[in-house]
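So, here come the structures, one by one.
Here come two complexes built around chain A, the first alongside chain B, the second alongside chain C.
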Partner chain A sequence: MTTDSPLLSVRDLTVDFSPGSGRLPAVDGVSFDIAPREIVCLVGESGSGKSVTALAAMGLLPPSAAVSGDIDFAGRDMTQLSRRQWQKVRGAEIGMIFQEPMTSLNPVFSIGRQLVETLRAHERISLRAARERVVDLLNDVGIPSPRQRLDDYPHQLSGGMRQRVMVAIALSCSPKLLIADEPTTALDVTIQGQLLDLLGALRESLSTAILLITHNMGVVAETADRVVVMYSGRVAEEADVFTLFDRPSHPYSAGLLRSTPNLAHTARRLTTIPGAMPNPADPPPGCLFAPRCAMAEVTCDAGRPAMRVLPGGQRSACIFAGRPPG
Partner chain B sequence: MSAPLVEVEGLVKHFTLGGSNILLRRKPVVRAVDGVSFHINERETLGLVGESGCGKSTVGRLILKLLEANAGSLRFAGEDLLTLPPERLRKLRSDMQIIFQDPQSSLNPRLTVEQIILEPLYSQGARPSAELSRHAAGLLEKVGLPVRFRNRYPHQFSGGQRQRIGIARAIASNPRFIVCDEAVSALDVSVQAQVVNLLQDIGAEMGISYLFIGHDLAVVRHISDRIAVMYLGRIVETAPTETLFAAPLHPYTRALMASVPISHPGLRRRRQRLPGELPSPLNPPPGCPFHPRCGFVQDICRSQLPPLRLISTGHEAACHFAESFLETRPVPGAATEMGGYGDADH
Partner chain C sequence: MAGPGQTVDPDALLPRLRIAARPFLRNRAFVVGAVLFGAIVLATLATPLLTDRGPNALAIRDRFQPPSLAFPLGTDNLGRDMLARVLWGARLSLMIGLSVVLINGVFGVLLGAIAGYYSRLDNILMRVADALMAFPAVLLAIGIAAALGPSAMTAVVALSVVYVPRTARVVRASVIVVRELDFVQAARAGGATDARILRRHILPNCMAPLIVQLSFVFAYAVLSEAVLSFLGLGASPTVPSWGIMISEGRTYLREAPWLTIVPGVAIAITALGLNLLGDGLRDVLDPRMKVEQG
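Presenting the complex of A and B:
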């Protein structure tokens, strides 16, 4: 944890799409902070609740979702915002990038028009000045000959270029926070590297904090300052990125790190985590990871483990946290 | 050494675009696969890697004759697949199977698991019987699914379980060869590792050769004996797995390795990324197709297409200057960690 007052502070966030059904909520008691200029990775597998957490932080949950907990952004209580107030914040103070740029861009408008529109929605600026700003923005995100590209439509661009346009739109009003949900998952590896570099460079040049949602431990290793590992809607562990990779304090994070194939270890056999994510309709009684955990004991079934704070600020939801990993 | 199980020579597949538009005098042609040659031995796994659009999936479909090749030769177990009469080909099909990326769309939602698994046998003329049911149960056991699931439908399973069903179907006819087309790419990491291990176990136990098509070098490395790297419809390098990682001889291979996300934050450093993007296969650049993105480009690269040449034992590369990479240190720390395409020292 940093000593700066956090830019975004999420406390005990719970999101339930079917309250009263007995199913596990999609997000259950999630807390974390992001400091100004910090890159925090929210990592987990499908069904971990990481995207729903991001949607909540963007005020984009459907009205049918039962939400509780606190979300503070730049000193404001975001849970009290009206739809109109949210619209002012999104785009201006919080930028967003999603996995699939093709579905996030409007196919019938040129990218220049979409960027100009975003700028003018939040700032009083002439059309001509807006177009100039857009050229600069496209240039900043590494789109070659940006002036010629202005009149291109999304389908005329490659996936990597479309994602750069999304980054340009997200950054057009110099937001304090950028929320990126799996921004490189649909891209090829060589393009993924380019985009991660771009995000890192933009943090440096624009002082934007980034909440990066990913399932890829390699992306975490490349970008994160701090990491929040989620499992079945709950935070399993939170740590700075070096501590997480060196001394994971939750068996799930440890397993995730071990089962990720990488070029560093050449063993022909991959380590696996047995089993699968629990069924939300029929969750285990205690620790949600216990059925897959090699360390699990009877005590693990006695209620959901509380978050423990370890020396150095690492937080873990394992009752054995702090013990040497087994 | 016995003859390879699969032999591909000069394989070409061009797709003509524009459909029936008679106004187009010259219809654009996508050169998806443009002269690809390789072989796969018995019990061997060949990894085929490349980025989207490089033609790797088309190669897999050509080998299984799910697509017709425009030119080249294709031999399976000594038989020429391109001239084989249809009924012989049909027989041979039980020896060649495929596992797709998306188990959601590759399993018929209206069939039960048992029907899905046994479909390859029914299409060979088998009829439902108690014996076949026992066979299906054995297959489920082999892929790690409870036999009691046999009458369930695909939607009742998770992604990892569905991929296990896909594997059970692929091995039902006791094949000698399976094409895995991005077979684990859609799976979560913890499940992906389980499925990779399962494929390895089954391959070893049943003596299956795999063509393992993928874009994730780390995964492909784990499962492959040899690896072929594709770029824009051509193979640019092929070598035994460990040779390739110790001494990649094509600049694209080196770039691809450098793009694999690092395994520990301590390895962060400014890396020179591969600039640009895959050119359109509609209009490939002249000379070496990689030259517009290559950090080592010379004049000859802009005009002459480098053929795939044998550089050292079992190691082929399609670069005019492949030998010069033998001289340079392999990508720094290649055996332990990648990260050095265009590092300061070359």
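Presenting the complex of A and C:
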């Protein structure tokens, strides 16, 4: 998949909400690629900069954020886009779905109207044709009897149904990239599974690449082609999903995997990663994970570790990466 | 849109309306307010049916008639029929109140939406609003009306200047709340423009407090218009206005108290009706603002 030229290419992205304060930036030097039709998972705990990265790719950061680095989408430098150009890209070429399906739909309009609106904001299409398309879309995302649901209001639908409607809205203009910011967090487990299956199926049928943000390793295992693990605003490790689960090269990813229940193994006590993320106002001198890392040595405190490329395209920001564990 | 196999209930609209109306009908303040205000509006519309006398028709021989069968509300110092005058006065009061409400609806919403959505303009607009709101409402209205010279139009302008900042405040407060909700961010992610987000996503979700505010503005406008015309700063004396009627009747308070009581009661009914209506609307439309009833 790496042979294709990437659809989205993020290089050295840094987002700082209080530049010059000496605090850690929310996102610091993040780089990754998404190939066409690829599902990339962005994982990390709360505050690791996953959502900020996604919002930056969507051009939705507040004006107070200082953004540097390159975001290349389909051959265009997105950091140079004007507000107006962004509005044309959003919804049409990049779609987004959010964590909270219960509040992501406007309560005063029927879902049909909201779908038609997004569609007609980007395409010259008659109301009647738009309504037909919307019926097809609702059908595609697995909403039963879509024609009758068209005039329903959001409060008449369950959380899972609303998230399906959100997916339908995000996909209404067949975007090349779908950004899903923890789309399953607010849903119960069976609906989670259905939604992930739906995303996978839509990737096949619409050739949409997906950037899936999650902190759920189960979701990662089920859907991802490739995984980017973030810690404290930086990329800790990037690998394809099998490599990550078999041979995590960064102690943080290894810790994440050990703290996830696994039905295949015999019952064991789940390991936790001790401590918490560094205080952004008082970061550790070297590797940001060192204070919580069981492998940490004195050398870990000498500067932020550089990204190492390992065989098989795995990348890791640990000075021990590539050495046999021990 | 009726799809195949869907059974269409011909009465679908009616039960829906009934369900929608239920919380309103259960609210005592709303019902009483609606009845009082509705009675005034009906009387205004039906004026020609209720009296055949003109509001300015003089009948010197019939002056100072107390309420009787011939003159249900009596006559004034020039023998003019009080019923006709109070009804025509209602027309004026409601017209002025409605104009102020419409102007508030347009400019209050516009300015409030801009201030709430664009935080850069918020400070400028709200400081101007603060400056205008620092004056007591009636005093400011009197000042503006005095500067522009008395007329019905003046009253509308003065009352609008007084109440638009207050409406803008209410709209701004709701816009700031709604602006941060997820579906606004979702609309932005769908490529909606600022104007579209404001018009389609934010303002429709700010309607409840706006409607409540406008019903209060209506009540205050009617009251303040009476104050202005009482002071000779409102409509010209040739037009029957409740304030002018009280002002003129005051001289004969002892001999003919109905000259002041009739327009006074009319003002009270209208203001009370609108205030109750507003209270009821607030309780039904905006349950979070509900004042606990004992």
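Heads up, the rule we're going with is that the second predicted complex is superposed on the first by the 323 of 326 C-alpha atoms of A that agree within 3 Å, B and C clash if a C-alpha of one lies under 4 Å from a C-alpha of the other, contacts with A are read in each partner's own complex, and residues count from 1 in each chain.
To be clear about the criterion, contacts are C-beta pairs under 8 Å (C-beta built on N, C-alpha and C of every residue); 3 or more make two chains touch, one makes a residue touch a chain.
Quick caveat, the model's predicted, so the values are computed rather than measured.
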Clash or fit: what happens to chain B and chain C when chain A is overlaid? fit
Between chain B (first) and chain C (second), which, if any, makes contact with A:270: first, second, both or neither? first
Quick one: classify A:189 as touching chain B (first), chain C (second), both or neither. first
Contact-wise, after the overlay, does A:106 reach chain B, chain C, both or neither (first, second, both, neither)? second
Vertex chain A; arms to chain B and chain C (CA centroids, nearest 10 degrees): 80
Which superposed partner A:45 touches (first chain B, second chain C, both, neither): first
Looking at chain A, which partner touches more of its residues: chain C or chain B? B
Report for A:305: first if it touches chain B alone, second if chain C alone, otherwise both or neither. neither
Between chain B (first) and chain C (second), which does A:96 come into contact with in this model arrangement: first, second, both, or neither? second
Just chain B (first), just chain C (second), both, or neither: which does A:248 touch? neither
Of the two partner chains, chain B (first) and chain C (second), which one does A:215 touch, if any: first, second, both, or neither? first
Please give the nearest C-alpha separation between chain B and chain C in the three-chain superposition, to the whole Å. 8
Between chain B and chain C, which residues of chain A are contacted by each of them? none
What does chain A use to touch chain B in their complex? 45-46, 158, 160-161, 188-194, 197, 215-222, 224, 241-242, 245, 255-256, 259-266, 268-274, 276-277
How about chain A: which of its residues touch chain C in the complex? 58, 60, 87-92, 95-96, 98, 100, 103-109, 117-118, 121-122, 131, 145, 147-148, 150-151, 166, 169-170
Considering only the defined contacts, which chain B positions touch chain A in the complex? 51-52, 158-161, 188-194, 196-197, 200, 215-219, 221-222, 242, 245, 255-268, 271, 273-275, 277-278, 335-338
If you look only at chain C, which of its residues touch chain A in the complex? 1, 3, 6, 181-183, 185-193, 196, 200-201, 204-205
